[in-house]
Each structure stands twice: as structure tokens, then as C-alpha cells.
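There are two complexes below, and they share chain A, which is joined by chain B in the first and by chain C in the second.
The block that comes next holds the complex of A and B.
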């Protein structure tokens, strides 16, 4: 008798678990409006990407052409592929101390080597770099994948250091 | 009643008799029926491939094919053209004769199974008085085709897939047969047209109480297993056996297996619709005269194909929801669950029929 009760219990339990799966796919089937698939080349103008989408690394500049990169090389050390290379220059701090100090000359970014792992963004202590949503990177020349992220004439934002 | 196809068929018959002798008439009628079956095959293949891909896509929250033709409707045609263009490759070590024979066996079995199906009133290829028996006999021949395909390919994956398929089809025949017997017991006839006629007052799934519902569920499960479709796709098992019994098949010979699988799906669903859901009989509710009258206006073949496609959709729903079973789980399900349940169910059905508790 005990065996029979267990047997029927197994059958009922399996039916209910199968039904819960079928309910989910049934819901998907009856709600085709909720499909997230983007028909990319057709809707290129109205394409919406997720907030966390990783297109490429960019150095954010404000309207005064100032960025927040202090040149600490945290991103360079964090990168597993050697994608980022920071080149220094010496500048004279004329306004306050008048002393020489280091600043970034070129923030070199090899897009061709990047795996978009986001580790540099996590490592950055000043939130100077971020991932943009631009993903159409294909070119005919490998050289154009090596980018210098700081704009010409840009300098460090005040109060970041 | 309207929509009686026997008027049309008898007209064709008498016209042919008037123009040639009886031997030629039989031959010409066979040719006409053969052409109709082949056309049905092709149309069903195209519809099912498209339907399968669209249903799968929507169940997985995707869009599915939508580039070839409006809403992707010509995708199946494009696939067929691709298969026609491909090279028909035969492996060197394969048994040439059996290797080429196997797809034809599988395909002709699914053609044979179409014979006793009543598509509408008077639209039936061959009204045998042992229709149900004939169907279960014919459908088990397909396992021979699959075994030949697996053996002749001279490939371990093919052979394993074919052996699994053999074990699976042989065991699931039992519970499918037992659940069909329930309806035969209710009706008292094995002829499919008699079974449809007995459902004029109501479908067996309603008239037969719970035993009929249990028999229906078991029939659908066993039918899915006999079709070698996921979640019972032991014979193909892409993840373990690369492709099972059709690993070595290419081009049109592969397409034949593919087509046979889809037509078998149609046949199983058509049997299910005929036995449990009233075949081409419209939906009638006891005393609602007006409702019943409106339902009579819908042509019977629309009812038949509607019910069949509903069951096809249910089988697709299974396929895209459930994970695959292992071979031992598959046999456990059959021998420990479906088989005892259907045996007990058959006894209950016999009791219900003797006590005349069904409507």
C-alpha cells in the first residue's frame, strides 16, 4: 500500500513539474510582443542597447576638454591582454605650485586586442574611462584599431587627484 | 449533411467507368490517390518545417525565420532547394543496397499509414474494418527501416542510434496500442470511420470520462516517443551520437528521413484526433441546438486538420519545453509507469463499458 501511495505521488509530482515548465513556454508562445530580439541592420536608427552593453573603452571628456585620468596605470596593470598603454609627459603646474609633474601624454588603446572584459573600468580609481555603446568597429586597416583616447589639448580635471 | 466527399468520389468513379474498363479504372484511381498522397506529403513537409521553426522560436522568445519571403514563409522551400542541390554521398564501407533502401522503407511506411485515415466524410483512401489494427501493424515497420539505416551505414554512432530507436519503438508500441484499445472497447469497432461515426454525439475524450483522458495522455506520450522526437530523441541524440541513424545520410536521402519524421508526426496526431477528439466531427454540445448548427457549417476537413494541427502544436510544445531523457530513464518511464497505468486503465475502461457508464 505504501508503495502504491509513493508511486502515485511520483506520477502526480512529475506531472506538476512538467506542467510548470510547459506553462512558462506557453506564456512565451502567447506573448510574442515581449520578444527582445533586435533586427539590427533594419532598425539601425532606432537601435536600443542594454545599459551594461560593452562596445569599446572611451575616456570621458567634459565640455572644457578635461578628463579625469591621472595616469595611475591601474587599467594598464589590470588588462589581461596588454590592450592599454599609457605614455607620460612632464607638465609644469603653473597656477598653484609651479613645480614639474607627470601627466598623461597619450592614452593608447589597442581595440584589436581588447576582449571587452571590463576589468580596466573596474580598476579605474577615478572613473575616468567607461564602456561606450558604439560597436561597429570593422575597418579595412588594422592600424585604425589603435586609438588614442585623450583628445588633443585635453588636460586633467581639477580636484581629481 | 453538406460537404459529403463520397458524391465527388463516386462521380469520378462513374466517369472513369464510362470511359474505360474496370481494370483501367482501378489503375487510374490508384494513380490519382498516389498523386494526392505525394502532394499532401510535400505540402505537409513544407508546412511542418516552417511551423516547427516558428513555434520553437516563439517558445524560446525568439523571432524565428523571417527573411525568406513574407514572414519567412518561403524558408522551407529554400531549405528543400538546398537539400536537392547537395551531393548524395555514400560512404565507401557502407552496404550500398541496404543504405539506399532504408530511406524508401521509412518513407513508404509513413505513406502506408495514411491509407485508413478519414480526412472528411467520404474522403478516405481505404476504409478497412481493422483500421486501428492496420495502423499499429504498419507503423511498427518503420523500426526496420531505421535499423537497416543504422546497420548499413557501417558507423558506430548510426548503429547505436538505430539500436536505441529499436528498443524505444518496440517498448512504446505497447502503451500506444493499449491506449488505442481503450477507444476500440468504447466503440466496439476497429474501423476508423465507425469510430468517427460513434462520436457524433460527443468526442470520446468527453464521453469516456477519466479513463479516456488517461488513455489520451498516454497515447500522446507514447506517440511522441514512437516519432523519435525530443524529449525522446534517443535515435538521433545530437549531443551524443552526432545524428544517430542518419549520421551518414546526405542530400535527398536525408530529406526522406526528415520528411518521413514529419509525416509520421502528422499520422500520429491524426490518429489521436480521430480516436479521441472526434476526427472530422464538429464540436457539439448536448442541447445547444443553435451552436451545434453553426458548428455543422464548418467543413469537416477543416475540423480534422484543425484538431490534427492542434495536437502537432502540443507535441512541438513538449519538444521545446522538456529536456531529453537518458535511455534508461526512457525505458523506466515506459515499463514502470506508462505500461502498468495503461493496463489498469484498460481494465477500468472494460468495466465502464460493461456497466454502460459512458454516454
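The block that comes next holds the complex of A and C.
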């Protein structure tokens, strides 16, 4: 008899424990406003990212198509994966000295190798590069992941050494 | 302990034995872990974990990169406590440089570590529910974790692999909204924590599947080198934050959570109570963040003196040790990581052999394995 009472007690307790869990599930089922899920491709207009969000490396250009990269290779040395490669060219400094000078020809950035660790941004002494908020990187062609960050015809901003 | 003869007996195949492969792509292994299981009927008689499916030779890669660069690699070991891994490596380098980091950086590190621990335990709780057949916990756990991820996103710039700790302090200062957001999270989480118990802890099916299942004695826990909640569930006091305080943990008040039952439910309880302790630590510090620098000025190229440096931290899964040998150049001569999951996995055979195949999933879930940390 004692066994029977204990048995029925356990069954009742079990049912109540299951009921309390199911009640919570049911609560959220009937209150869809308390659900936080966002439907990603549909919420592009309202999507907000933090200002420090790390999307991809970009070389900032101003309206005169000038950038601040002196080609010091600090970022290239700081990168753990060899993502950045800076190619030089010799340009003649016509306005002042008329001597030949080194300047960047191509700022090559392999997006496929980048781990977005932010070390290059911190290493840059002239704040020439920064992280953009663009995070949709998928492409059909792997070649398109190798990018040249300096725009064609761009040159070094005056006063940046 | 199973002795050698017993293992030999078990590994010999019998006609009625059934060899079962779990993994490398089984959802309940939480990664690419392969278990070779020998069954007699429904009883597990032998387990052999096979590793190496996600081996990336992180230790060797660290030896090829500079002291500033190798830290980012360690976020990829135990990715759920990435911040704590980074902290361990930064601490080892700071030991070599004999650098005392600013007080503000220490407090930021503790705050971030405890938030990481909370996020990790929430994901573990969510995945445990899913492993044991309950779907709702998965969404409830992820809902609260998402708030922490947003806080990381705002301050560190990244959600999972933060790379926020650098030798000498932290990469950035805290975001101006940090305190406000953490307060909002704490308020919401304290309200939601009873839901966790309502959904899973009190559930009779969950209790029957975990209570008395997978017993690990304290002696075995020590001899297998278990740490973290796995060992604390067996009553072994091993919290590095208490025993060897680092980065200012000696100044905060919290309790080391211990359970003595040694079964799956005890390990579950340890983690649930640890979440409350983490909340307690964050509450103590969030309003008392000291002013000052967040980073000590270091040279562009770090060079450590000749010698060996070791630092240990308590990650969400146990003790992580970083052993660094320097030969005086700008790159480490040898790196060695003592990862908590590798040791915890070695106890799986002790826990699961003799039990039923259905209990294996519960045992695996309660060890809270992260496979990239085992293989490295």
C-alpha cells in the first residue's frame, strides 16, 4: 500500500514537472512579441553593427583620390597570416625636389586569408587603413577575394610622412 | 580505475560484440570527435576516442609567429572561451616581460572573462537540452547568449573570436555603452534564470537521465587530470581563480562551487551555480571600474628574455596552462598548451563504460567537450 502511494506520488510529481516546462514553451508560443529572433536577409535595412565591427580592411581615400598609406609595411609585418602585400613603384617628386621616391603601387589584400584580428589597423602609424562594416563576403570565384585596395590613379596625401 | 588486463579483455573481440562508430560527424559530439564503441547488447564495454580530425598544429604555428601575433591563434582552440584563452597567453608574455598591467585593464579582463564564462555555460546548457531531446532550451539559452555577444561586438569588434587581450592590457578601451548594456543584461538574465530551472533542472525526464549516471570518483578525477566543473562535480576543489588568483581575482568575493555526488546531475548543478557566481563577480566590478590606462606601453617588437614562463587560468571548462619557452628572440622557441578538454575527455572511458549506450550522450554533454581544444 505504501509502495502504491509513493508510486502515484512520483507519477503526479513527474506530470507536474513536465507541465511546468511545457507551460513555459506554450507561453512563448502564444506570445510571439517576446521572441528576439531577427530574419537576417529581410532585416538589412534595420541591421545595426557596432562601430568597432570588423568586416574587411579598406584603405580610406578622400574626395581628391588621395590616401594616407606611405608604404611603411607595418601592417604587412603585423599580419599573422601574410594577408597584406605592398608592392612599390618609383615616382618622381616633381613639385619639390625632383628626385625619385618610393611610393605604393599596389596594396594587395587577400581577403580569403584574413582572420579579422585588427592587428594591422593598430600597427598602422598614419591611420591609413580601417575596418569597414561590410560583412557579406561570399563570392563564386576565389580570385575575387584578392583585392587591390588603392584606387587607380590615387596618390599619397600631402603632409603624410 | 580499469587496469591493463581488463582493457585487454575488453579489446578482444567476441562474436556477440558490436562495434559502433559515433562521429566524426555526429551532432552530439559537438565537433569532429570519433568514438569507437564496443557494445555488448546495449551496454558499453569499451570506448576508444580517435582524435586528429581537426588538428591544425596551433602549437607549431605559434612558434613561427611573434609574441604579439600568436595570441589570435589561441581564440581558435576553445572558441567558446576565446577571451580567457587570449588572457592566458597575454599573461605568459607579460610574465616574460615582467610587466604589471594597469588596474583598469585587469578589471576589464575579469569582466570580459566572466561574461565569456556565462556565454559559454549558456551555450552548454542550450546544447545539453538539445542532446537530451528538449528543443526549447536551445532557443532560451541562445536568447540570453545573444545579449552577451552584442556586448562583445560593441566593445571588442567581434562576436566569437574577440582577440581583445594584447600583451600589456587590452586592445581598446571599453565602449561608452558597456556599463549600461551589462546592467541591462544582468537584469534580464536574473529574471530568466528561473526559466532555465523550470525547463530543464526540474524536469523528471532530464533528472532520470542524469541522476546517478556516469559516476566519477574524486580519486579518478584527480588521476585523469580533470579540471573545471567536471572535477568540481566530484568534489575536487580545483578552481584556479581561488587557488592561484590572477589578474585581480583575489580582490573579488565569490564561492567555489562544489558538488559531491560525482554524477552527471552534479556536474550540471556546478555549472548552473557557477553562472550565479559569475553574475556576482560582474555585479561587484561593473560599477567600480577604476580610471586610468587600459594598456601599458610596450615596444613594437617584443623580445622575451631567455627562460620558461607558465601561466594558468580557469576557462569555462577547466584549467588552461600556457607553457612558453623563450630563447631570447622575438619568436617563442616552444609553446605548449595544457588544454582542459583533452584531460576531461580521457575520463570518458571511466565514466561511460558499464553504462548504457543511451547514457553516453548525457555523459558527453555533461563533460562539455569542445573538440578544437582537444586537437589544437
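Things worth noting here:
We take it that the second predicted complex is superposed on the first by the 122 of 161 C-alpha atoms of A that agree within 3 Å, B and C clash if a C-alpha of one lies under 4 Å from a C-alpha of the other, contacts with A are read in each partner's own complex, and residues count from 1 in each chain.
Everything below uses one rule, namely that a contact is a pair of C-beta atoms (placed from the backbone, for glycine too) under 8 Å apart; a residue touches a chain by one contact, two chains touch by 3 or more.
This structure is a prediction, so every number in the text was calculated from the model and none was measured.
Touch criterion met: A:117 reaches chain C, while chain B stays clear of it. In the superposed pair of complexes, A:92 makes contact with neither chain B nor chain C. In the superposition on chain A, A:13 contacts chain C only, with no contact to chain B.
Of the two partner chains placed by superposition, only chain B is touched by A:32; chain C is not. Within the superposed three-chain model, A:21 lies in touch with chain B and with chain C [touch as defined at top]. By the touch criterion defined above, A:47 lies against neither chain B nor chain C after alignment on the C-alpha atoms of chain A. Looking at chain A, you'll find residues 18, 21, 24-25, 28, 36 touch chain B in one structure and chain C in the other. Partner chain A is touched in their complex by these residues of chain C: 65, 68-70, 72-73, 134, 136, 143, 146, 150, 153-158, 161, 163, 171-172, 175, 195, 198-200, 202-205, 300.
Residues 11, 18, 21-22, 24-26, 28-29, 32, 34-37, 39 of chain A are the ones that touch chain B when the two sit in their complex. The touching residues of chain A, counted against chain C in their complex, run 13-14, 17-18, 20-21, 24-25, 28, 36, 49-54, 78-80, 115-119, 122-123, 131.
By the touch criterion stated above, chain B contacts chain A in their complex at residues 55, 58-63, 66, 317-318, 320-322, 337, 341.
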